[in-house]
Amino acid sequence: MAVTLPPPPAGSFASDNFAGVSPEVLEALAAANQGPAMAYGDDPWTRRAETALRDLFGAPIEALMCWGGTGANVVGLATVLQPWQAVLTTDTAHIVVDECGAPARFTGATITPIAHHHGKLRPEALDPYLHWLGIEHHPQPAVVSITQSTELGTLYSLDELAAICEKAHRHGLVVHLDGARIANAVAALDEPLPRMVRDTGVDLMTFGLTKDGAMYGETVVFLRPELAERAAYVRKQAGQLPSKARFIAAQVLALLEDDLWLRNARHANAMARRLADATADVPGVSLLTRQPEVNAVFAAVPAAAIRPLQAWSMFWDWDLESSLVRWMTSFSTTDDDVDRFAAGVRAVVAEHV
Amino acid sequence: MAVTLPPPPAGSFASDNFAGVSPEVLEALAAANQGPAMAYGDDPWTRRAETALRDLFGAPIEALMCWGGTGANVVGLATVLQPWQAVLTTDTAHIVVDECGAPARFTGATITPIAHHHGKLRPEALDPYLHWLGIEHHPQPAVVSITQSTELGTLYSLDELAAICEKAHRHGLVVHLDGARIANAVAALDEPLPRMVRDTGVDLMTFGLTKDGAMYGETVVFLRPELAERAAYVRKQAGQLPSKARFIAAQVLALLEDDLWLRNARHANAMARRLADATADVPGVSLLTRQPEVNAVFAAVPAAAIRPLQAWSMFWDWDLESSLVRWMTSFSTTDDDVDRFAAGVRAVVAEHV
Amino acid sequence: MAVTLPPPPAGSFASDNFAGVSPEVLEALAAANQGPAMAYGDDPWTRRAETALRDLFGAPIEALMCWGGTGANVVGLATVLQPWQAVLTTDTAHIVVDECGAPARFTGATITPIAHHHGKLRPEALDPYLHWLGIEHHPQPAVVSITQSTELGTLYSLDELAAICEKAHRHGLVVHLDGARIANAVAALDEPLPRMVRDTGVDLMTFGLTKDGAMYGETVVFLRPELAERAAYVRKQAGQLPSKARFIAAQVLALLEDDLWLRNARHANAMARRLADATADVPGVSLLTRQPEVNAVFAAVPAAAIRPLQAWSMFWDWDLESSLVRWMTSFSTTDDDVDRFAAGVRAVVAEHV
Amino acid sequence: MAVTLPPPPAGSFASDNFAGVSPEVLEALAAANQGPAMAYGDDPWTRRAETALRDLFGAPIEALMCWGGTGANVVGLATVLQPWQAVLTTDTAHIVVDECGAPARFTGATITPIAHHHGKLRPEALDPYLHWLGIEHHPQPAVVSITQSTELGTLYSLDELAAICEKAHRHGLVVHLDGARIANAVAALDEPLPRMVRDTGVDLMTFGLTKDGAMYGETVVFLRPELAERAAYVRKQAGQLPSKARFIAAQVLALLEDDLWLRNARHANAMARRLADATADVPGVSLLTRQPEVNAVFAAVPAAAIRPLQAWSMFWDWDLESSLVRWMTSFSTTDDDVDRFAAGVRAVVAEHV
């Protein structure tokens, strides 16, 4: 009954933040270590990164670099929210499930989870809460927060984004987009970033690079610059103003140069497709989606196979009741990683079907 | 009337966070970029750094690495505070003046500034607030927060630290130490870290390395580990849990190795003394302290000389009413930097006395 | 087509807080206006009311009188919650829908709405959130909050209460009960209060009298007194410590005397049953529950009849999409009020079926 | 050595909130208990009280009735503050010392205590904090909060009020006035309320009546109505929206009718003068101010006399180190109360000089 397993892959399928950083990022950090620089973002690297981001978004955005993803979400949301207001979002949102209540505590506002539909928020699901507007007894909906690509590895189409934004704006709400994996979305939909977020009506977003090859540093982008008026104070008060800020800006510059951020994301997405291809026909494995949209493969596997597989090469289970697990790829995943991992899945699952 | 100024120094005397990072830190970051690693601190680098910190403190401390100094102060304070409690500190404290109210907002607690004495808190100054204990109308003092070395470049002696801690503990308060420049203090007093903080009774502290050669990452250290029980949740909720945590741990390891953190601090302190020596006799310049205790020189200069000098080589004025300015040195300040800067001061001030 | 309507009732079916106060309450206020008394609850009336409440609950409870219901919920929850924790409750809960986010803002904690079942929380609905326990990324469930009688006019049986409490306790959570209408529940179930809340395991609750004949003043009751250790500070910081506290205590005493609180509630419940009886057979009217459990009648009426009826005698619509309206009775509702109102319903609805 | 004391006074000199309520208030409460009324302030009594307040202030103010003084201060401040801002106030302010940190917690903002001058804030004391404006590292001063009459029983002249307001407005700050004892100030200065607060430039205030004869209910008044735009949400979220609001409005109406609020305050002030007159010549007693400005007498008495006097007729010591005690009068203090109390002081102090 003891299965002889191949050696586990060198790379990990647990999460895209198990990866290290792109070599270009390390080079940029070293290059930025030249002489003194004004602290707290008043340096030439930050100026250049801001310009690069404006070019990327094709708009006069305001960009504020922060330390991490939770912090960047908090800074963005807290900038546009009052405590008696509410954020409408999905019940699978990172800001609901995975930030230990950070936005709730820092803003004092109500974070309202709404049942998701394939990880996405449907415009009509906002209706019951829009009836709360103008009545002092109810938290006042002020922000719709969506994630692209979603926590379930799905994507909003541009039309879906535009529909959410249109509805939100019609009722006076702003739209926040958690873009921790926006690179994978842009790569997958093959649409330029401006078309995806500027033209659909997104008002502010977290522009994430850490899961895409950076070491640290996530940027809050205000597509409507007037919303950013108070953002600098919010960032500082949130403990998200980096002192030696040039080292974040240098990473942004390195990843935007020659579209490294998109090349990294395309590679991660391709590796997920390769993994899906390699496991789709394993008896006992059932993929949630035959063609993963971005860099995550969700698969139902025999319950008894989960722990042995994890012991061999770590990954997270997603929902033990349905034996659903998540396998993530990153910019650093190799063909060999995928092939070894798929072989291990095949071998272990065969023992447990 | 136009003075011919020497070329400005390559280094900056504005702040120790204008410096870049120690070469050993960059090497450590590159070395840590090997293969995947568990995110959020569950990695071997973090384990090793925790062990190195326990050795350094000579105690079974709990150490939680955070992004930055404001964040680390917030995590430490929020872990030991209830919202109806108060922090007693000086009116010059970083947590009062320089964090845009971050601890106040995140904890909801009262931050009580008390008139400082050479940047320090005197035990007897706590008395009026200790009368508040047990009365529901008053915020309840629960934490005394001090900074070592202080925001004014002064030092608490070990006896002074012990006296503050004794008084705080006698009334049931805990002592927090903002150690953004603890390295400079340890180097200056030539006392081992355990004697300075463990043996005097400090309960928790921010152990800062960013101003001492690191790129980013400040650690909250709980010297009484039982205080840390809830710290992991507080850190995450504060947006201070780094995802690719190994890259902070690698920096901690690099700076602790062969006492690089102390060598860096000793150098910075020495450069401040060199600068004091080189400017003490400049007519029109009056040093607040002839022998700077750590890496800051506070000097009163002719009011008219401040802007021209800043234009030549940037630094911060501290109190314009008394024409007081602050010149800071860092691990990267060179003899040549000091000599050029002193020469510039001499030349510009000569024009304005 | 113009219907001739009977004169509207003198009483209102809009809400039980549209009523005035019991005559005994006014008498008690006048009687308490004798000479000076210590402020902030250190007075004989408050001592007597605390004793009366201990007798009522049959337990060494701690009772803190507050101004109003939202405040009392906030004080109770904030006393037992840390900001990184979560409250699990229904999506119809007053603390979710009707307090403008007060508990969220004051505590900083996550308020997690869960889909209700006839206004109630089912124990099994807690399961997905209990998986969050011990993982720093997720808000940590710490409190289950239920309402008795519920916002939908339904009741938890004693077995249901015990089951919720048992499950919560098994996982280390405490149970909070919003008892804004606890009197109606006790009257309806005909079970003594101690059996309903002490013996089932409720840990803390709001004991409400305002909707039951008082002018103002809602009490937080800690059935496990050790939970109340910090409650006095929380109450003061929440702005819920009344200065002339004797006037709240006097109301509590008046309503507990000779079970006036229960007589008031029984009457209100009886009036709801009378209203149900009088409208059940109106063609076009469909009662949500033929026998209202407490003092609310929910009815589906022809959509076109709602506005004319409200114009004649105000009440709140509950869900316009399903033409559901809510009619509430109170201690001051009279038989004549019910009969007139039912006649009006019959007349207006007849015009619109 | 045992002194034979006269019987203690029926009234108390401990605080003006030890008093009961004016008979007219009780009558008004009874009169308001007629039939049903819309809850939450949508009732005719509230409408009339709002009109009466507009007449009183001589301005199109917005008035929001709240439960108590701490709550009203919180609602006012939270309506005009962002969390990254600061309130500049005295170190003796009620919001600093006596609200258990309520404004700090609810707003998240920095409450900055500044050394008082006879209980008052001097305009020049604002200067160091105004330098913080525009710099993201510092909390941003946004509100100046003063108390009239002050916590030390002193008064701002109209010129002093105007000077504070002018300076605040010049730098973009608004002025909040804690008027828990505004009635005593208006009575003492013999200036109409509009001249004191409208014409000097006060932007918002707490208009307190509880210490002046009401049972409960303090009103937030926005003299610049545009500041009140979000106030209703803030009040509800702060737990300060009364449900049976008519009963607060009825008290406001009763106290404004025929200037009862001023008659009550004048009486309280006169009683304090009588007490000062009666104790000024007691050997061993030294009045802080020979002529009390409002309804408080501060006196230094022999240390050994304090406890015996308190045991005979309770009052609060103010500063034990200087043997300073506070004796307060109220609308209900009688000549006989004063005479008996003064006699007791004379007798007890005689034993201890």
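As written, the chain order gives the labels A, B, C and D, with residue 1 at the start of each chain.
By our rule, a residue touches a chain if its C-beta (ideal position, glycine included) is under 8 Å from a C-beta of that chain, and two chains touch if they have at least 3 such contacts.
The model shown is predicted, which means the values in this text are computed figures rather than measured ones.
With contacts defined as at the top, give the pair, C-D or A-C, that has more of them.
Here the pair linked by more C-beta pairs in contact is C-D.
Give the label of the chain whose average Cα location is farthest from that of chain D.
A
If you average the Cα atoms of chain B and of chain C to get two centres, how far apart are those centres in Å?
Taking the mean C-alpha position of each chain, the two centres sit 52 Å apart.
Based only on mean CA positions, could you tell me how far chain C sits from chain D in angstrom?
Roughly 34 Å, centre to centre.
In angstrom, rounded to a whole number, how far apart do the mean CA points of chain A and chain C lie?
It comes to 42 Å between the two C-alpha centres.
Could you tell me which residues belong to chain D and also touch two or more other chains?
83-84, 99-101, 105-106, 108, 136-137, 140, 233, 236-237, 241
For the complex, give me every residue of chain B touching chain A.
10-12, 14-15, 17-21, 23, 26, 29-30, 32-39, 67-71, 74, 99-102, 105-106, 210-211, 215-216, 233, 236-244, 247, 314, 332
Which chain A residues qualify as touching chain D in the complex?
40, 78, 82-84, 108, 136-137, 140, 230, 232-237, 241
Looking at the complex, which residues from chain B come into contact with chain D?
83-86, 97-101, 104-105, 108-113, 136-140
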